[in-house]
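Look at the two complexes coming up: chain A is in both, with chain B in one and chain C in the other.
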Partner chain A sequence: MTTLLQSFRKNRALWVTLLVLCITFLMAVRGLVDPIAEGGERYKNVVITILRGLSTGSIIFLVASGFSIIFGLMNVLNMAHGALFMIGAYVGWTMAVRPDTVVDAFTPLVLLSAGFTLLPFLDWSLQKLNLPKVAGGLLPWVGLILAIVVLGFAFPKYPITSWDVGSYEISPTNYAFAASQGQLVAPEPEGFAGISPLVGLGSIILGGILAAISMAGFAANRRRSGAGTGSTKESLPWKSFLIFIGLVFLGWIVYFFNTPISTFLLNIDTTWLFILAVLVAVATGVLLGALIEATLVRPLYETHLYVLMLTLGVSSIIIEVVRAIWGAPEFTMPRPSIFDGTGEGCPAESLGALIEHKCSTIQVLGGRVRTYNEIFIPILGIVVLITVWILLQRTRLGMIVRAGVQDSDMVKALGINVQRIFTIVFALGVGLATLGGVIGAPSTGLTTTLGDSLLINLLVALAIGGLTSYPGAAAGALIVGLLQQFIIKYGQIGIHIPFMDEPFKPTPPLVPAMTVLLMVVILLVMPNGLFGRKE
Partner chain B sequence: MTTITSPQTNGLGQFFKNNRGVLFSIAGLIFLPFALTLLDGQSIGSMLANESGLSKFYQGLAIEIFILAIYALSYDLLFGITGLLSFGHAMFFGVGAYLTGIMLKSFSWGLLPIIGLVAVAGLVMALIFSIVLPRVKGITFALVTLGIAQVFYIVIQSREMADLAGAEIGLQGVTPPAYLNPVEQRLRFYYVGLVVLFGVYFLYKRFVDSPTGHVCVAIRENEDRATMLGFNTFYFKLVALTISSITAAFAGAMHGLFHPIIRPGIASSHYTIAALLMILMGGIGTLDGAIIGAATFKLLSFYLEKWFGGTSQVIIGVVYIMLVLFLPYGIVGTWKLRGVRLRDGWRDFLQRLKPSQTNND
Partner chain C sequence: MDNKALLHVNNIHTFIGQFHILEGVSIHVPKGKIVAILGRNGAGKTTTLKSILGLTPPSQGSILFDGQELQGQRSFEIAALGIGYVPEHRAIFRDLNVSENLKIAERKKGDLARKEAFIFDLFPDLKRLIQLQGDHLSGGQQQMLAIARALVPDNKLLLIDEPTEGLAPVLIEQMMAAIRQLSAETTILLVEQNFIVASQLAEDYVIIEEGQSVKAGKMADLVKDPATIRRYLEAA
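Moving on, here comes the complex of A and B:
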């Protein structure tokens, strides 16, 4: 009892804020109770709104958790997180709707990344060679230019099944519909245009190796000027060769069995395709995250502000690239078939019927709840919440991350390779963002502004919860999600304000405005957010 | 405070000596329309009568650069000099532009009262930001300002404001006063823009050299230390924020006068990032850099758009990343801080461009 009192005295602002939030929440819930309806149906609106809030909050949380861990550990405010979320959505959509395109794109990407697996070997050999200063300075630039030339020669000739974005101008709605169903007539891949496959695939591998050489050269120069820390390995890293050969082999196999794999993927059930889409999107996120961290963020760790500006640039590039590849129209992603049944027995009356008929909606207290949006997404959000929590609390990596959030210099001093941990955490954080993107895609749809709007919500949620705190990210995401859905609901039914005849209906622009207002108020009371660490 | 000595600015000769480059640029810009006319083979008379031609086109481009330069200057004062990272700067610009447009179109006010109103609006916005100013610092301040600006961006796009602000399409049909019409009186607009830009520039230079400006720089370098020395940092930050917001609102007002359509995009966070990009190109914390950066940014985006079309944004993004990685001090910053001398050779030059090991947070 005394400890409770003490904790109350210590965190008075937190408790009062939480109390006020709870009272506001209960009042908002009370306003949604339908006084006319009978029995349990009175709470129909309440349940549906809370479920929707949980759904919105889950998506925000998936992205925010990675963002906050990255910020806490390495002080990098990754403004590209929203754009990477969008990448997850688009890549997932492509896998779910046009798996053949993903199969086509798989080979060149794998062959390209094969070169980068040689990095340990290249690092090692550059250290052994110990090039003279001028040659060492020129090598990375020459490698980069040659890589761009070689890739620029081979990549445009690679046969990737694409859809005709140009026809968008004829009828946007038809195009968007056809695209969302994956029904656009695509040109058949005819093999490499103009060059033999051997030369084409070979030059992609070569381009990857050249790019890797350039990267290793830059790293060596940094090491020489004393900025980077690198360990000298004595023995030749053989493992990287094995991975290289394995990846090249994989790329060639997929190239030669392209048609059967595509046909197989086009004919399997959408649930399996959805699972594949999630896996592909997360893998894309992890790889992209590792790439961004290793090439762009790492040289600038010491200068936080420049990292922030850099990630802003990365964000705008990603958005433009998405616009160039997928075009401007909005897409909708099909739901997996186990959440998409509409036939007999639907909407489901009970949980058993839901599982039996794979219904898209379920009857709850006389209202319809969408299975995917309002049940699956919150459950997944909670699963991820617990998984990441366990990862942070019970594993060695999590322990290092927690220690690094508190004091990264001390962790470094204890002899832990912080750079590797940084890369892993950045990659996993971006992986979580892309997971959020692909999971959220069926409910929100895909637009090129998806990332921007999410980034705002994410920043608001984190500012409310506390920037570096994991529970804070969860709480902030939950608060933002619930608040938004409650305002949307009140926008439909209106608020009865005393002494006013017409009920007041909050308009859609009020939704973000209210969340930002809440953020400002909470930050005024608690400048570090609800669960933020005191500076 | 008396211990801080400002550079010698008394005496006209000294002034000329200190600002030689700027004064030459002003002289060049004054003669630019005439030079372009001669280059085009147009007669001076027709240029003075604002007939269309090469000169008129480049005057338009230059006016846009002037407006962007004022905007970049105001952001440089806030971020580069005082060290307040704000992501809501586009709101100041947007408020200026929209107020001008709405007052001209819906209320048919004259230009002078509008200028007064814009100044008051800038002050009010600075006061709104100042509510959070003493409590949140660093990144959190950036987030709060981003949030506030985003609300404004959403509000001007809303359907409820469509009669006044024109929703997503933007504010159309604004008729600027006849004596400052950007089409019929473009040459006059050009010189007005030039005067305003360099007026703002010299005022800012005076501010930075003043004791108040010195404290602002001290706050950027180390706020705790400035507090320890007995300065009420909130007051100085508020002064910088107010000057910056009023200037940005004026830049917005000029934008509203010059452009036939005021698009809501000017109030989005992308426009704040554009300001950041401009001062990054020119050199953060250098006032000359803001102007040069704005010119570089506008010319770069204009010509890249012309040559590459849709992919130009990607190229600008790549240029931006390259700047952050390899040229963090910008054009003027590299020139001034690092003292580039050509005879030091290219290698030495590259050596100097490496991001420094100092903390910049």
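Moving on, here comes the complex of A and C:
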């Protein structure tokens, strides 16, 4: 009891703010209680709105948590996080709707990245060779130009069955519909345009190696100009060869069995496709994150403003790439079949019936709750919340992250390669963002502005919760999610204000405005957010 | 130079931003001894330790540790060669508890388990506090933890920056006893503003003034030389 009192004295502003938020919440809840309905049905709107708030909050949380850990650990405000969220949605959509395209694209991407797995070996040999200054300076540029030439030759000829928004048979919308009906048909496979497959695939491997040589060369020059020579004592990195050979092998296997694999994927249940879509989206995010960190962010760590501008640039590049590949129209993503039943026994009357008939909706207090949006997403949000929490609290990686957030120099001085931790955390953070993207896609649909609105929501959520606090990210996301859904609900039923004849109906544009307003109010009372630490 | 030196800092220059902070610092640390770095506030003592660790990498000069050149290596590689750092103001991780603050310093699995008995023998208080968050420790407890953290892996050299700063006299005594006990097994490069403490602990000294090492020698000689003490160490 005394400790409770002490903590109240210490954090008076926090407790008062939380109290005000609770009272506001209870008032908002009371306004939604239907006085005319009977029994439990009075609370129909309350339950549905809270579930929707949890759902919106969960998606914001998935993205915000990674953003906040990255910022805490390396002081990088990754403005590309929203765009990467969107990438997760689009890549996941492609896997769910056009798995054959993912299979097509798999081979060249794997073969290309195989070259980069040779980096440790290339680093090692460049150190052994110790090229003269001029040759060392030229090498990365020559490698880069050759890589562009070779890849520019091979890639356009590579057969990836494409889609076209303009033509009905191969439009993505049409595929999405067919997918949700379980009637996807693989399009005719294409072949290399005018060159033998051996030359085509070989060129892509070669291009990857050349690009890797260029990267190793740039890194060597950076080291030479004083940023640390590294140690030369290590022996030949054999492992990188094994990985290289393994990847090349994998790429060729998938190339030769392209058609059977595609046909198989097009015919499996949408639930399996959805699980694959999640895996592919997360893997894409992790790899993209590692790539962005290693090539773009790392050289600029010391200059935070440049990193900010850089990630903004990356964000707009990503949006343009998405427009170029997927086109501008809005897509919908089919829900996995276990959350999509509509036939007999649906909407489900009970939890048992829900599981038995795989209903897309469940009857709660006289209202319909959507299984995927309002049950599955919040549960997943909570699962991720707990998983990441355990990762932070119980693993060595988490321990280093928590220490590094405070003082990364001291972590280095303990003999820990913080640089590597940065890459891992950046990769995982982006992985969480793409997870959010693919999970949210069936509920929000896909547009190229998906990332922008999410970025604003996550910034507001983190400002409310405290920029680098993990519980803060969860609280902020929850508050933003609930606030938005309550305003939307009140937009439908209206608020009765005394002395006004007509109930006041907040319009949709008020949603972002109110969110930002709440942030401003909270920041005025608590400049570091609810759970932020005073520095 | 004699080859018993564990650490040999040779005329290093360090810039922080565009400020030329170290303008020629040389230090010689023989194996098994305690060497004290002395000097007024802002002389560059802390920067010297950070330069050895590569946290503020020197732009010129050389640093030989156990026969290896440290210049140009990255901080974590330098530390992993066997250098423990006890920084100014302790730098305890406040979101980690005492046990985690020790655990994080492991370089091999089992480091802590191996050293635990020795560490708790040296600082019995820590054992009692093992579950406490870093930011709930008192200044003295943080200092003990900071030293204990540097003892978890096998280190050949400890860099200790102002271990008695802000401590009560009783604690200073305790800290001195601990450092003396440590010096039986490791070499220590110690920054210490309190001359009485430094003179009782160290065998050799280096004086740094305005970023340069201006004088070095045996502590026993310095104690008998009030003119030098007045010239370099007392408040100007």
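Everything that follows uses one rule, which is that the second predicted complex is superposed on the first by the 504 of 535 C-alpha atoms of A that agree within 3 Å, B and C clash if a C-alpha of one lies under 4 Å from a C-alpha of the other, contacts with A are read in each partner's own complex, and residues count from 1 in each chain.
Keep in mind that, in the parts below, a contact is a pair of C-beta atoms (placed from the backbone, for glycine too) under 8 Å apart; a residue touches a chain by one contact, two chains touch by 3 or more.
Since the structure is predicted, the reported quantities are computational estimates derived from the model, not experimental observations.
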First (chain B), second (chain C), both or neither touched by A:Leu414: second
Touched chain A residues, chain B compared with chain C: B
Which of chain B and chain C A:Asn75 touches, first, second, both or neither: first
Contacts of A:Ala403 with chain B and chain C, given as first, second, both or neither: second
First, second, both or neither for A:Thr395, with chain B first and chain C second: neither
Chain B versus chain C as contact partner of A:Thr24, first or second or both or neither: neither
Sites on chain C touched by chain A in the complex: 53-55, 57, 59, 72-77, 79-80, 85, 87, 91, 93-96, 100, 103-105, 107, 149, 153
Chain B to chain A touching residues, read off their complex: 85, 131-132, 135-137, 139-140, 143-144, 146-148, 150-151, 154-155, 157-160, 269-270, 273, 276, 280, 310-311, 313-314, 316-318, 320-321, 324-325, 328, 347, 350, 354-361
Residues of chain A touching chain B in the complex: 75, 77, 134, 137, 225, 227, 296, 299-300, 302-306, 308-310, 312-314, 316-317, 320-321, 323-324, 452, 456, 459-460, 462-463, 467, 507-509, 512-513, 516-517, 519-520, 523-524, 527-529, 535
Complex interface listing, chain A residues touching chain C: 226, 228-231, 396, 399-400, 402-403, 405-407, 409-419
